[in-house]
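The data blocks that follow each hold one structure.
You will see two complexes here that share chain A, one where it goes with chain B and one where it goes with chain C.
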Partner chain A sequence: MTDNRFFNRSELIGILVLAVFLVAVLPLTLDVFRLNLVAKYLTYAFVALGLVICWGYGGILSLGQGVFFGLGGYCMAMFLKLEASSVENTKIQSTPGIPDFMDWNQLTALPFFWKPFHSLTFTVAAIVLVPGIFALIIGTAMFKRRVGGTYFAIITQAVAAILTILIVGQQGYTGGINGMTDLRTLKGWDIRPDHAKIALYFFEVGCLFVCIMIAQFVRHSKLGRILVAMREKEDRVRFSGYSVANFKIFAFCIAAVFAAVGGAMFALNVGFMSPSFVGIVPSIEMVIYTAVGGRLSILGAIYGTLLVNFAKTSLSETFPELWLFGLGGLFIAVVLAFPNGLAGIWGDYVQPRIERLIASRKPKPEGWTDGSVADGAPAE
Partner chain B sequence: MFGDYSLGDLGSIFVMQGFAGLILFSVYVLMALGLAIIFGQMGVINMAHGEFMILGAYVTWMTSNLFQAYMPGLFGGYFFLAMILAFLASGALGMLVEWVLIRHLYKRPLDTLLATWGLSLMLQQAYRSVFGAREVGVELPQWMLGSLQVTSSIEVPINGVFVMCLTVLITIVVAYVMFKSRWGRQVRAVVQNRIMAGAVGINTEKVDRYTFGLGCGIAGVAGSAFTMIGSTGPTSGQLYIVDTFLVVVFGGAASLLGTIASAFSISQTQSTLEFFMSGSMAKVLTLLAVVGILMLRPQGLFALKVRK
Partner chain C sequence: MSDETNKGLLSPLRRKLLMGMAAVPAITMLPRTSFAQTPATSAVNTTGLAVTDTEVTVGILHSATGTMAISETGSIEAEKLAIEQINAAGGVLGRKIKFIQEDGASDWPTFAEKAKKLLVNDKVAAIMGCWTSASRKAVLPVVEQYNGMLYYPTFYEGLEQSKNVIYTGQEATQQILAGLNWIAKEKGAKTFFFIGSDYIWPRTSNKIARKHVENVLKGKVVGEEYYPLGNTQFNSVINKIKLTKPDVIFTDVVGGSNVAFYKQLKAAGIDLAKQPLLTISVTEDEIDGIGGENIAGAYACMKYFQSLDNPNNKAFVPAFKKMWGEKTVIGDVTQAAYLGPWLWKLTVEKAGSFDVDKIAAASPGVEFKGAPEGYVRIHENHHLWSKTRVGRAKLDGQFELIYETADLVEPDPFPKGYQ
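Coming up: the complex of A and B.
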């Protein structure tokens, strides 16, 4: 078995299968509209990936991931919106050169916090730093005081509620309930036609694999093992001399940054950003994707996100009445019967069968009988 | 800001805003009481609490329609029957949910959150299928309409006064049940030490089921009272659930007194701020203050000293 810093052999196979699926199978079989839908679903996969580290490994359930998704998305959308609101595009407004919703709300100048978003470099930095620092503040305040578990969940949920109300209320600065719509170009490159959508899809998949690699690295490092130890017996880790709070803050921050990258991808791929992706309901749905995929499995979270969203789209198209029953039932079933989600089902039921099947096909070396030698160790 | 108002006007404004705050306070207390029992005492995060409340509201609405159709003479008193029915309906549903779902999850509090969220989605869809997506309003009996003229510039709506009296009454009943009755002692014993409580002969499963039922029943009553001041839709419950959790956490999860104190301070802050700025900013500032204080004092206002 290869002992790599990133993955072992079976994980490598899993990642390659996912790569083939996302890079070759989906683009070859789906039309651009459906591929764009997949791109939209994959933006949630970033959040689910962060939740695997934060919730699955660290045991910290955050119900406010929509906040970070939204912060990343809004940073990106602000840049795109500014580019779309150039003076010649907006010359019918009473104040040309500012986004349309500001004009509708009688703003006459660009607010100060919008100005740096003229720069793409600043925007990219902000997508990572704004949510990261925000998570750092929340995490430091909470974990240093040993607030955890249910309390943390409720407070992050409150933060999600606050940010939604704020965005909806401050229409002139944020676009209100409609969000930022009509995003057009990225540095002069139109993001709306089909070929741009395909290119953005591949860019997103690339980013996703970078995040997967980071997650794998964290998981196989000592850090990942401390996170698991912390989840299982926090006091023992503390008594062993580790600063539990710092590890938790790290896990929470990395989840926040992943979510923010997802949000930025959302603004690029879908072409708008609105508060309906920030609040409590989307935040909990993102947790559900992770739960369905398997909270302990990095790849499971991605499959879970895709599966739930596919089901959501197809079911709500055909049976809008049944969809919420299905989704609700799914949550309950996953929690009660399959706490480790799809990955758990795979690991417990499917994988052993496949391995048995492969093992029975292989011709056995002479003199070996089943079970006489443990795991390929040489007989003495 | 104050220049346009005389001192007397300002006084009246504060009294009336304060009264609006008191109505909000009543709704918070009614919702938070049930949650304080379920979350504070049992440690179950019941995200479907709002939906239990809405069930109570729909029961009240159906009762009022029944009275209107068959017993118009008794319409003035329908509310008292509706409240009892709401309590029974929500309580029964709560006990069923506890039996089917919650009792498997006592050792995994975070998972109760996910499961009850799923439950809340199903209940919302059920309400939408049965009662329709549109919000329904209850017709108030004649004696609840209108307002009391306290002074020449201050008037308070009667239905608000009624809801407040109801809140006080229910709070006293709950406090009595939890702290004075034999059953309340059993509940607290089970919460403090499940194994020992079982060892001295308390049927812990039965206590759990009735406690959860009681919490949900109170939510039903809250929904019933809620119809007096607002209309009810399938997703109305969700609007209040985060506020309610904050009220309970802010008060200190295991303390009924803390719940009431925090409901009072949150609702008063919010309604006073609402006068000076837009409703959304008032809400943002209130919630921010609550979250900020919780970060400084995570155990809430009134914390019981317990060893973990």
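Coming up: the complex of A and C.
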């Protein structure tokens, strides 16, 4: 068995299957409306992917990923909103040329921190750097002081609550509870028609695979093993001379940046950003996606996100008044019966059978013994 | 065209023939006279909406779950009642209304997603929906992009006008100005204290109210405070009220916060029988939660109260209770939601078509004489002409009508001098 830096054989197959599924199967079978919904779901897959590294491997449960999702999303939305608020589009306002919500809140000039968002280059940099640096600050403040576990989870929740209140309260600068709506063009290119939605979908899938590769790299590198070691026995890693705090900060920052990329994709695909993605509830939902998919599995998290969101949409369309109970039941069932989520089911039940089937046909699989590699279960 | 047997007559072939011969009077081809009122689908639906020879589909899009469900349920019920009544009276252009209900789940992006689903997948001819401004702002770009028609029931802040929306509630000036005039005259009020929830509607409403108090009534605003949605601690603002002793407390606190606010006012010894309080955010629905004993004596400025004494309302209230239960109460927004399907029906019949462009163009001037609030007419700006009324809350949770404007008040979503 060759173990290159990115993936072993079964993981390679898994990634190829996912690629075929996202690039070929879904676009060919779904209409544009449903495909755009998938694009929306996949924005959460970025967050779930980050949580696999941070929570699944690093053991750091963050209940505030919505913060980073929101920061990324707001950066993107600010750029798009500025472009949509040209003097021409807003001539009905008392002060044309500024976003509509500023006008409603009696602002007469663009606030200084909005100005750089006229530049796409700055925006793209900000999408990665703002949440990254923010995570670095929180991470440093917490992990250097050895705050971890439940306390860390609670603090991330508090941060999510604080940011929501800030956004809602400063509505002249942020759009308040309404959020930023009516985003129209990206550098003059209309993001609303069907062909744009399709293009954005493929762009998003491309970004997702880049993130999957980064996650795979982290997982297979020495770094990934240290993260797992830390999760299992933090003191021992510390006594071996590693700076536990730095590794934790790194994992947290990666998760934050992934979430931010997801948020930016959200603003692009949905044409919308609001504080309802920043708070505690969406942050916990994002953790649930990861839990359903399997927090130890990179691909599982993506399937989990898709499954939960599909269930959410279809249940709410079929039973508009009862769907929340169905969704709740699904979570309880998955967590009680399958603690490792979808990936656990796959690794424990489905994959061994497939392998047995293959093994019975091919009497001697060379260099590859049965059951040594189970996708979803940590290889370590 | 209500009986099932007629369906068979319109075979696909015949439908094709009808389409091909749109110019020929369709009735001559058909054996039943009931078809006389039913124009051919191809003629009334040129844009591929969900209209068949017997049915037309509309969407209902409100929060059935989440924090807003308590407010939006009344709207859903009113819209379903209106649809049932329209169907019982023969439908729209001879077609029964079928509705598809979607849950916005008190979540603005979900509203946008569901609106898109209704327009793109279900091809609904109109959407009755939204409640909060945030949900409307989320849905607005969708209905504009896919050229849908939205009937929006809630009183709201104004500063908006769209070809694709009919606003069946009042915009801010319609709701506020007449009420302030009345209380200034009646109570000789000069000083006002504003308390609101912290989002766009209270902020804009208070901005308009402040300009009116300062510029028109020559009074003074002695305090203006905002609290986050869902806030339940109002003690500090109540202390300020006691300190400043305003002639009128003017509030636009929304939702569950109201329960805490009025209870704490009462506990602090502020007697609403003596201290005038004018609210633009409490309807019969909210009093259900606040409790009549906590708010009795307060004045509310609305366009509809359940207790209105007119023939339309006397038919509407029992019909609503018969369908949804004796204990239900009907607030201002519920009544405005009831107007949606009716106005749509009347507009479709005026336009002679389900096409959204034709409906948007035909809307101005459409009048609904059967409105429970009395009489309404659609203005060129797609808002409604309606009266402003002031009611006084009673112990039993109902309002007693104290004052109403003599004439319909013109909607003015972009008020000059108030921005």
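Everything that follows uses one rule, which is that the second predicted complex is superposed on the first by the 360 of 380 C-alpha atoms of A that agree within 3 Å, B and C clash if a C-alpha of one lies under 4 Å from a C-alpha of the other, contacts with A are read in each partner's own complex, and residues count from 1 in each chain.
The rule is short, and it goes like this: a residue touches a chain if its C-beta (ideal position, glycine included) is under 8 Å from a C-beta of that chain, and two chains touch if they have at least 3 such contacts.
This one's a predicted model, so the numbers in the text were calculated from it and none came from an experiment.
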A:Phe272 touches, of chain B and chain C: first, second, both or neither? second
Contacts of A:Glu321 with chain B and chain C, given as first, second, both or neither: both
Partner chain in contact with A:Ile354 - chain B first, chain C second, else both or neither: neither
Contacts of A:Ala24 with chain B and chain C, given as first, second, both or neither: neither
Partner chain(s) touched by A:Val335 [first = chain B, second = chain C, both, neither]: first
Which of chain B and chain C A:Ala158 touches, first, second, both or neither: first
Chain B versus chain C as contact partner of A:Gly169, first or second or both or neither: both
Touching partner for A:Thr150 - first (chain B), second (chain C), both, neither: first
Chain A positions touched by chain B in one structure and by chain C in the second: 165, 168-169, 321, 323-324
Footprint of chain A on chain C - complex, ascending: 64-65, 101-103, 105, 107-110, 112-114, 116-117, 120-121, 133-134, 137-138, 140-141, 145, 157, 159, 198-200, 203-204, 207, 228-229, 414, 419
Chain C contact footprint on chain A (complex, rising order): 31-33, 36-37, 40, 92, 94, 101, 104-106, 165, 168-169, 171, 176-179, 181-182, 184, 192, 270-272, 274, 276-277, 313, 316-317, 320-321, 323-324
In the complex with chain A, residue positions of chain B that touch it: 39, 43, 45, 47, 101, 104-105, 108-111, 113-115, 117-122, 124-126, 129, 238, 242, 245-246, 249, 278, 280-281, 283-284, 287-288, 290-291, 294-295, 298
Contacting residues of chain A [partner chain B, same complex]: 61, 63, 141-142, 145-147, 149-151, 153-155, 157-159, 161-162, 165-166, 168-169, 280-281, 284, 287-288, 291, 321, 323-325, 327-332, 334-336, 339
